[in-house]
Amino acid sequence: MNTILQVRDLLVRVHTSILVEVPHLWLERGEILAVMGPNGSGKSTLLQVLGFLRKPTAGTVFFSGRPVASRRDGLLARRQIAMVFQEPLLCQASVFANVAMGLRFRKLPGSTVTTEVNRWLERLGILHLADRPAQTLSGGEAQRASLARALVLKPAVLLLDEPFSALDPQIKEVLIEDLYEILRHEELSTIFVTHDHSEALRLGDRIAVMGNGRILQVDTPQKVFGMPSSEQVALFTGVETILPGTIVEQREGLALVDVRGKRLEAVTQASPGERVLLCLRPEEVSLMGPNQIRTGTARNLLPGVVERIIPSGFHFRVVLDCGFQIVAFVTRQSRDEMNLKEGDPVTAAFKASGIHVIPR
Amino acid sequence: TALSPAAGASGKNVILATTTSTQDTGLLDVLVPLFEKKTGYLVKTIAVGTGEALAMGERGEADVLLVHAPASEEKFMAAGHGINRKPVMHNDFVLVGPAADPARIMGLPLAEALGKIASAKAIFVSRGDDSGTHKMEKKLWKEAKITPSGNWYVDAGQGMGETLRISDQKQAYTISDRGTYLALKNGLSLKILVEKDRALLNFYSVIEVNPAKSTRINNAGAKAFSDFIISPETQEIIRHFGDKKYGQPLFVPDAGQQR
Amino acid sequence: MDLILQGAKHALELLIQGDPEIFQVVLLSLRVSGTAVLISLLLGIPLGTILALSEFPGRRLVLSLVNTGMGFPPVVVGLFVSMLLWRSGPLGGLDLLYTPAAMVIAQVALAAPIIIGLTAAAIQQLNPKLRLQILSLGANRRQLMWILLREARLPLLAAVMAGFGGVISEVGAVMMVGGNVKGQTRVLTTATVLETRMGHFDVAIALSLVLLGITFLVNLALTIFQQRGGTR
Amino acid sequence: MDLILQGAKHALELLIQGDPEIFQVVLLSLRVSGTAVLISLLLGIPLGTILALSEFPGRRLVLSLVNTGMGFPPVVVGLFVSMLLWRSGPLGGLDLLYTPAAMVIAQVALAAPIIIGLTAAAIQQLNPKLRLQILSLGANRRQLMWILLREARLPLLAAVMAGFGGVISEVGAVMMVGGNVKGQTRVLTTATVLETRMGHFDVAIALSLVLLGITFLVNLALTIFQQRGGTR
Amino acid sequence: MNTILQVRDLLVRVHTSILVEVPHLWLERGEILAVMGPNGSGKSTLLQVLGFLRKPTAGTVFFSGRPVASRRDGLLARRQIAMVFQEPLLCQASVFANVAMGLRFRKLPGSTVTTEVNRWLERLGILHLADRPAQTLSGGEAQRASLARALVLKPAVLLLDEPFSALDPQIKEVLIEDLYEILRHEELSTIFVTHDHSEALRLGDRIAVMGNGRILQVDTPQKVFGMPSSEQVALFTGVETILPGTIVEQREGLALVDVRGKRLEAVTQASPGERVLLCLRPEEVSLMGPNQIRTGTARNLLPGVVERIIPSGFHFRVVLDCGFQIVAFVTRQSRDEMNLKEGDPVTAAFKASGIHVIPR
């Protein structure tokens, strides 16, 4: 097996509270695993265990296929892992010294240290801050220094705990592009924690969703976002419409579902009589004005009334009342073209395959 | 170097346990270098209370003692802790007190003076440290048939210098050896009120610690010191010590005499 | 108060004339206390760090014991060290009593608990996540300790100063185990006591001022080092 | 080492018999040193905090002076306080020499610099942004100081212990200004010295053990308070 | 004037570096001012000055119309301001004690403190953590506590420095909704720093964009995002296409602009010959397949070739080569319907009013 990092039967407990409980999780060589989950779900704790910084209450962590038990093994593993913490804790020294610290620990020659550190400072746009005491950095500058400190180590495994949270959008964009190239190019194996769905979608080969210390789902981004395994995951991944329904008819994978008296078509193997939850992402729903000609292949058409229009960046989330609430996502262009206002009658259209069905 | 254990062979070191008075008067600063030059021994002068000096001897932690507490010394010898106890010198004690002399003891015989102090309940500071001087003082009270106690009898629990200073600050009476009194006189307002009583003589002896107690005792060195201090030349130095500084000698050499 | 002026004058004279005796006494004070502090640091800093970082039952008790050590009465230490080094004691054979080495031992016993206790408090005060952060950069135990100590530089140097100040100014223990032997174990404090006892207050004050001056210079250097780079 | 055993036995006896003399000595020790530490805290903590937080030219010098104060030789302090309190001295009229009050004064002079120096280091070590954070919540200066002190609880309590340990174990200064007068100013350390000088090593050890026991109990209480809630 | 907070001639300098230099900035009563800007541009420093926590090198801060000079004034002002710092610095005490701290400073009765604190802990979803030592909180939990600590004070002015950066998307959504209600309802005046454009757009009455310690533009969100005053602001606010051009013709506010030989129509008063920059947000650009019938009112149609398709959350940014680069933003639906691939020929369509013109 080509896994570089693996845990089995992991348990982290403090007093009586279980912080993390993960029967099995692994990271392939060269893979990027994104970890998402609500605050306090144990993401940072898991990362600390994987970074050999925190001894789990029970369970084994394998590095390169071998269990890491002794202190010496731990050090050797740590020397191949770099971690960026959620809060950048820099030492009371210059930015340069902070970024150089890991290389110094590895006793690299001074000239190499200087070259490498400067290269990364440059890359993160903080070369001009090299001689500044780290304590005087702004929040974002500190986070960049913290990133540089890890990346300069050229580790085999990179553990990133919300590494971009304090960065401005411009540098974040550049950095994500950059980092992606590097990760792919150098076959770095990465786990990164993020609260930003688009980051997870963009970078992750797989996404793990945590909740209450457990891993609720690990899957490709498409599956996690499109086919959440539970209501919890669905809610967390931004499925805004979750409708309880009952299967009425099953036609070779296409089912008719009763939702409060309305019939919706959904792609599922569930048999008639089964009670299910229908998950509908707002991106899957398009809106049509009353006079609009029907286009596209949407099999579900639900007439309703605009209840609220909530700005969401340059777009809008539109809450419809169709007997139950449905949330749709529209661009500003669409809103302008339809001249959408609260109270307007509209029709929500979505494909049968746009609905993800999970058992209740 | 000085930080290495015991400079030179341990056989060269002689530990002299003595009372603070001999060190505080500066006498040993004169004698010890002479002795060292003459014999090549290195003396470690440990100035402590008489009680502690004797205890050190008893435990074999010193090689030679220079002390002044005849009664205790006799006990010490009788118990076999020491050998060759020899008289060295004596000085005398004085009863000092505030110039105003509230108990009116100036010039009285010692026992009478002590009686008046006690009956007037004038403050008297005792060293209270079981030193030679303290033992002397206790003996004197006993001879005067008084058991001093009460608020007026202050137990200082300190050395001579500190006791004098406390007496001065409290305008109290005390008994001091003449040497220390003379040495500190300038800073004090106390006056000598009773002196030259036979009972006030203070005898110093040199005692070699019994080498049978422990193999580590440097008896040769102890003997050399003992011989040195009772040698005529040394005795002559003692006779004149203090002449220049205080205008009178502090000690009277005693070597060879019986007392 | 005129005594102080006299003392100050005297102190100047002593220093200007370069009195070799005083020079020797000063040197010995520095050597003994410097060595003692150095040894205490070598012992105390690792021990303090370990006490701060490791979790074991009875840790509080050990810490209390160490903190009690900050209050070891010098005379008690002097007595115990004496008893150890007595001819009749377990280490009597080394013939260390009344040598500078004995004074160093006593001073280590006095300074080490101060260093340990204050080091432990200083390290404990650091953000515990800092430790993980440093480990994650690949530090081994020695490197981790070094960085943590650097982070706690301020209170640690205060600890060093407290320890140094405590022992260089101490007299009870050094008097007991050193014996205040002229030319061998006489240091500034024991000399001061002797001079006071002899009624030479001006000399005593002069010696005290010299001692204070030395302590000040050492602490000035340490403070400048401590405060380098301002308030974090 | 038999002496230590004897001493321990003796110490137990003294305590069990409830020897009123020893009781008085213990009480006075605690009263004098307790008062001195309290006064030192009242003086030292605000001063240390101010020194840590304010920026003014010469701050380092003042800090060095304070740190030098950690190394005030007790005998020097004793001498200076004595000279102040002598009948001929400026405060002679108060008649304080050889009273517990005088001992408190001397001990304050010894403990206050330790408290100031270590407090300053402890407060300086705190994240400077914490101060802003607390101010932003509407704290006035007193409230700010209180919270900061609570944050620096660990090193501060270590400072208290160092200060308390320093003075309760100190003998040079209290001997000088207190005079070791039986029933009035005799404390554990001066009594120990006296017994040692008298050659009563076992009693001296007994007294030392009592002193150590008391210091330990006080420090145990403080350490438990200090470590409450574990490592942050 | 009804400004609650105002600065004049503000300068914050450390040694020789100027951290903030703001001639004039004000906050109206009840207004929400969003502050954006690159890392290190002085946002946090400005907030500290406005919170009377940092003395500026020069300049005056007015609170309720009066200059605040004395320490006493400062305390009084601070008691009406609550601030949430970029990094949540909690004290070594329970979460409850931390949140109660400000109320305690104000000597409120214990029962009030308990009720209020619990109310806010509840609201922020951390009531169950009330008795926990603050040091054991996760990053997001700590940020919530930090928010609760400020909000419980019911201040007149709220200063928030990236207050949501560590929150999970679910609580963030709820909180923003909630907070918006509260701010509006209680007429709270707020300044908040954020790196998230959509937050700024959604909450801000006005947006200030900072750069290099200076305020580059303060305006309504529409103006800042739609009509940036400079290239710097444009770049920062996510204008991805900035084209240098020259005005060729001017027809009553509608200008013809030459861009590398192509003619574009844009709304501007600039006169012919003027050299300008054309700012085009990706949201303004829609794409049409080669066979698609032209709909809408776009006056500019530029044929081009798809160069890259970059996933961006659930949507895509499409980089076109039309002789120069143009970036368009498309939904997944559009991409699927057009079956967009790299190398495909497409036409970019955008309105004349979609282009914002700034002088070069």
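Remarks
Chains: A, B, C, D and E, in written order; residue numbering restarts at 1 for each.
Note that in this section a contact is a pair of C-beta atoms (placed from the backbone, for glycine too) under 8 Å apart; a residue touches a chain by one contact, two chains touch by 3 or more.
Treat the numbers as computed from the prediction; the structure is a model and nothing was measured.
Minimum number of contact steps separating chain A from chain D: 2. Common neighbours of chain B and chain E under the contact definition above: D. Per-chain CA centroids place chain A at a distance of 23 Å from chain E. Averaged C-alpha coordinates put the centre of chain A at 56 Å from the centre of chain C.
In this assembly, the C-alpha centroid of chain A lies 89 Å from the C-alpha centroid of chain B.
The residues of chain C that reach two or more other chains are 127-128, 196, 201, 232, listed in rising order.
Multi-chain contact residues of chain B, defined as those touching 2 or more other chains: 162.
Residue positions of chain E touching 2 or more other chains, listed in rising order: 87, 135. Chain pairs that touch, as defined above: A-C, A-E, B-C, B-D, C-D, D-E. By the touch criterion given at the top, residues 2-7, 10, 13, 15, 20, 23-26, 29, 32, 42-47, 59-61, 159, 161-162, 183-184, 186-187, 214, 216-217 of chain B touch chain C in their complex.
Of all the residues in chain B, the ones that touch chain D in their complex are 48-49, 51-56, 58, 128-131, 154-158, 162, 166, 169-170. By the touch rule above, chain A contacts chain E in their complex via residues 14, 37-40, 43-45, 86-87, 136-141, 143-144, 161-162, 165-172, 195-198, 201-202, 225, 235-236, 238, 281, 283, 286, 296, 311-315, 329, 331-333, 337.
Residues 127, 129-130, 132-140, 143, 147, 150-151, 153, 229, 232 of chain C are the ones touching chain A in the complex.
Of all residues in chain E, those touching chain D in their complex are 48, 51, 53-54, 75, 78-79, 81-83, 85, 87, 89, 91-93, 101-102, 105-106, 133, 135, 149-150, 153.
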